[in-house]
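First chain written, first letter: the chains are A, B and C, and each begins at residue 1.
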Amino acid sequence: MGLATGIAATSLSSRRRRRIGRHVQGWLFAAPWILGFVIFVAGPMLASAVMVFTDWDLLSPARFAGLNNIRRLFVHDPLVGHSLKITTMYAIVSVPMDIAAGLTLAMLLNANIRGLRFYRTLYYLPVVLSGVASALLWRWLFSPEFGPLNYILSLFGIAGPAWLLDPEWAMPALVMMTLWSVGGGMVIYLAALQGVPTELYEASIVDGAGWWPRLRFITLPMITPVIFFQLVMGIIRSLQVFTPAFIMTQGGPLNATLFYELYLYRIAFEQFRMGFASAMAWLLFLYILVLTLLVFRSARSWVYYEGEQRGG
Amino acid sequence: MSDRRVTRRDFLWIGAMGATASLMAACGAPVPPTPTPQAAAPAKAAAPSEPTKAPAPTVAEKAAAAKGPVTLRFLLRHYQSFGPQWDWIVSSYQKKNPNVKVEIVQNPAGCELDKLLIMVSAGDQVDTYWTCGDTFVGLATKGVLKKLNPFFTMDKTFKVDDYVSTFFELYKQKDGSIYSVPWLCFTFMIFYNKDIFDKEKVPYPDPKKPMTWDETLELAKKLTRWTGSRPEQLGGFVSGSTAWTMWAAWLAQAGIPFWKPDMSGVNLDNPEAWQVLDWFAEWQWKHKVNPSAAFQTDIPFGFNSGNVAMWIAAEAQWNGTKKAAAGKFKWDIAPFPQRAGTKRQVYGYGDTVVMMNASRYPDESWGFLKEACGPEAYLMLYDMATTIPSLKTHINPPHPTFVNSRPPDNNLMVLEDLEYLMLPYPGNSGAYSAVSRIVNNALNPVYVGKMTAKEAMTQAMPDIQRTLKELKDTGLV
Amino acid sequence: MAELTAEPLDAPARAGSILSSWRFRRTAVACLQHAILLSVVGLIMLPLVWTLSTSLKEASQVYGFPPALIPKPIRLQNYPEAMTVGPWLRFFTNSSLVTGLNILGQIVACSLVGFSFARLRWWGRDVLFILMIATMMLPHQVTLVPQFVLFRTLGWVSTLLPLIVPRFFAAAFYTFLVRQFFMTIPTDLDDAARIDGASTFGIYSRIILPMSKPVLMAVAIFVFTASWNEFQLPLIYLHSEQNFTIQLGLRGYQSLHGGQWHLLMAASTLTMLPVIILFFLGQRYFIQGVVFSGIKG
């Protein structure tokens, strides 16, 4: 009896020890992120959260401002709403386009065709182009009189628009510009396609399935985790879009490309209102968080994980 | 599957590649990425770590500072373009003040206000700084810059009256405070390509008598050649880098001040102003003597290409044009066009050097400012075609160093221009820069003939008013 | 099946025709693929071709109108000339140091953390995962100043350390990417290994890592590109030319030679070159992908 209890007790404690060990192991493996978060990320994030409730001009001590900044977000400043609206529109257009274009390219380049390396390198090149040189290039490309874009259009008898100078065309021009670096997404999809087991394709070919069923029922489901990744990152990135407008249009013409983060930057570093800028930043944070959580929620019904049933 | 499987060795290979690259780099780099004592020590000593206004140093502190070796930190933007100039100033200053070492914080380009602001607010202070208009007023109003008036009274070797007053007024505050001394000064003028004038058999513009607006436009039309829808030679040109200020110059020329009294608004809401803006825009979309001015950078069809007959720009461009035109085409300058029936006016602008309020070594900093803007430094600047004189002793009579800094051959014309100098937006360059960006953005569709100035300005006005109000609320106006 | 039994004699002929039509279709598909790929290449390459062509032009040709695609004469001296201004070797060395260490740090750190999030079950995992994703959602402009204060306290300002040390801790973006890939690897492999007595680290290093070379290569390429092209952080943290990175050098160069596009473009072509070469070489890790003929690559 006593012996039996003893055995039971040891096995119980060893099981618990093992369970605790599993948790410890998980934390240890995740430590390279957790430590980095605690040391380098959490502090500055917390500081910016505190700033929301202050008036701080960066140059003199901050003053407590209560909820003024938050009230201001919703009442006094129409440009906050405007910039959030156009940024959202930008995201709605550019995220699906980026995913579709990247995926199409990756599939075309995952085949066994000649010059594969050549094509892949060429498509990745725009991502490599440094920001310093690309601003010059794009302004030249979109120049109404001297740009090659309108020159090509004129060959087809089309009088090109004034692109960056026209309130209606500035945003499409910037969308085109960001779509240009679709090579980044292509690399991710290529890596994902590599992971689709060849056996599945062999089986489908033996079954006589055409390319569409193969795509629909094998390829796409197998790479949904990566499409999910691209969707989440696309939302996060496109709602934080900054550089194209910063270097190309300065938010114009007539605020047509005044992205949220560009406006935020101006509030912070040109108007010296770090408190209000922080309030804007945290509003965007919450907006993206809600959208992302919705995507995470939906993931359960469309993302297929070979390795794990739970989570998403 | 097994053939696609990758061994651990391969993974290590990727890591090793990274490590090798960095090792190679490390071997090539004699200086390890650890703080060098020179760089780190003054950074720590320079300022309090809290973003507070540093109290003025006490007399005892100053005395202590004067005895020991002093390191002054100077923030230099465009460190490559203006490196030679500042190296000269630093070494000249250090020669006279052997106990002071000037450390240059190098910044690759432009008015990178974010870098300066982040440094200042995190306590990584500099002592002096070569400012630009956009950043100046904010920093002055927020008490970051040191008022220089006491130094003017204290230091008998420096006289404000030695300088052309307009360049001092450029950054003068409403209450008479002066925070800066002029370093670069320029006025706007016409650059013209003599070869094109010769080829078209058109006489050069008169350096003594400015053309009227309409004469300038007629001349530009005469010198423009289009083949089909493509320009071969353009008569007039306002380049991107100057376009953002040019409309203000045209407006001021037409007698329309930029600000309404007390900066309660801007004078862009009336038919006279719209007419000027439309006229300026028509150069581009209607007469096609000028490509769209909206480009903020040079497009590959600038004056320096040799395909443009006339260009409206400032002395700041002399150096670049000198280099680009050497051996390719001959060029010279003519006065800024004047609207018929108005008083002659020339549009001027400048950059200054300032001192930070938190500087622990105000006397040394003042000495450095004086050196940068002193007569010897100016001579060096003429040599490098960087500025026009703003010291009266160099203007009347013209200093030989400036006279000899040709081309342009008509360079003495700018000294005459100084009599007609005006500031198109006096009072607050920071507010001007915020408002002018809105105007610029609104003008883009006007330049391409998509909107009239009236429509664009009407749409932009609420934005301008709100920005002004915000600047007032935050004390920047 | 019914057809085959009905006409057994025609079978070889039929097989041949199926084969030839299959071959024909494959050729047609390949042609179509090339047509699509090439036309997109044309669009995508326009600015880059122009960069290259400008970098080989004489100053006077840069402004030529209409712009000539092929420079005449080709002026290779632009490259050495562009490199004589400024200590480019120094910039290159600094950038290589930062980039190399970043790749090393991120590959090790992100694969460990990604493994933990994808394959291990532990208390707090899902919350921390969402937290990690959330760190990417806050605009970085508002954390710049607190971050600077932090690095200043550590005495790292005006050194390369702010660009290096934080990257030895896993970045959210790459960790998320790696985690997504690890999620696609079947769990049976882990279970089998565990039964064989493998430790968790053994599963990570012997099962998961070897199967993840494509994504690790993708991470390496992304980190390389991002570090090599990074502008804002070096701008804020580096105070002297001797520790400038290549992008700061390029920016200074641009301000120095505003109008001299041929030199600027030569300089920027040179800065792009290492990334292009690495990408070209590195892509063999995701090149042996699916082959539709059924022959394993």
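As a working rule, contacts are C-beta pairs under 8 Å (C-beta built on N, C-alpha and C of every residue); 3 or more make two chains touch, one makes a residue touch a chain.
In this text the structure is predicted, and so the values were computed from the model without any measurement.
Visitor: Could you classify the connectivity of these chains, where an edge means two chains touch, as line, ring, star, complete or other?
Guide: Shape = complete; every chain linked to every other.
Visitor: If you tally contacting C-beta pairs for every chain pair, which pair wins?
Guide: A-C
Visitor: How many angstrom lie between the centres of chain A and chain C, each centre taken as the mean Cα position?
Guide: Chain centroid spacing, chain A to chain C, equals 15 Å.
Visitor: Roughly how far is chain A from chain B, centre to centre by C-alpha average, rounded to an integer in Å?
Guide: The answer is 37 Å.
Visitor: Scan chain B for residues touching two or more other chains and write them down.
Guide: 4, 114, 121, 231, 297, 300-301, in rising order.
Visitor: Note the residues in chain C that touch 2 or more other chains, in rising order.
Guide: 65-67, 108, 145, 211, 217, 251, 254, 261, 288, 296-297
Visitor: Mind pulling the residue numbers of chain A that touch at least two other chains?
Guide: 58, 136, 140, 146, 194, 198, 265, 269
Visitor: Quick check on the complex: what are the chain C residues that touch chain B?
Guide: For chain C paired with chain B, touching residues are 59-60, 62-63, 65-67, 85-86, 89-90, 93-94, 96-97, 99-101, 103-104, 107-108, 144-145, 148-149, 152-153, 155-161, 164, 205-206, 209-213, 216-217, 220, 235-236, 239-244, 248-249, 251-256, 258-261, 288, 296-297.
Visitor: Which positions of chain B touch chain C when the two form their complex?
Guide: That would be residues 3-8, 10-11, 14-15, 17-26, 28-29, 31, 33-35, 39-40, 43-44, 49, 78-81, 104-110, 112, 114-115, 118-119, 121-124, 230-232, 241, 297-298, 300-302, 304-307, 320, 324, 328 of chain B.
Visitor: Would you tell me which residues of chain B are touching chain A in their complex?
Guide: 1, 4, 50-53, 113-114, 117, 120-121, 134, 138-139, 142-144, 229, 231, 291-292, 294-297, 299-301, 434, 437, 440-445, 447-448, 450, 456, 459-460, 463, 466, 470-471, 474, 476
Visitor: Quick one: which bits of chain A touch chain C in the complex? Just the residue numbers, please.
Guide: 22-37, 39-41, 43-45, 47-48, 51, 58, 105, 108-117, 119-134, 136-138, 140-141, 146, 148, 151, 180, 184, 187-188, 190-196, 198, 201-202, 205, 222-223, 225-226, 228-229, 232-233, 236, 240, 261, 264-265, 268-269, 274, 277-278, 280-282, 284-285, 288-289, 292-293, 296, 305-308, 311
Visitor: Could you pull out which chain C residues touch chain A in their complex?
Guide: Residues of chain C touching chain A: 30, 33-34, 36-37, 40-41, 44-48, 50-51, 65-67, 108-110, 112-113, 115-126, 128-139, 141-143, 145-147, 150, 166, 168-173, 175-177, 180-187, 200, 204, 211, 214-215, 217-218, 221-222, 225, 229, 231, 247, 250-251, 254, 261, 264-265, 268, 271-272, 275-276, 279-280, 283-284, 286-294, 296-297.
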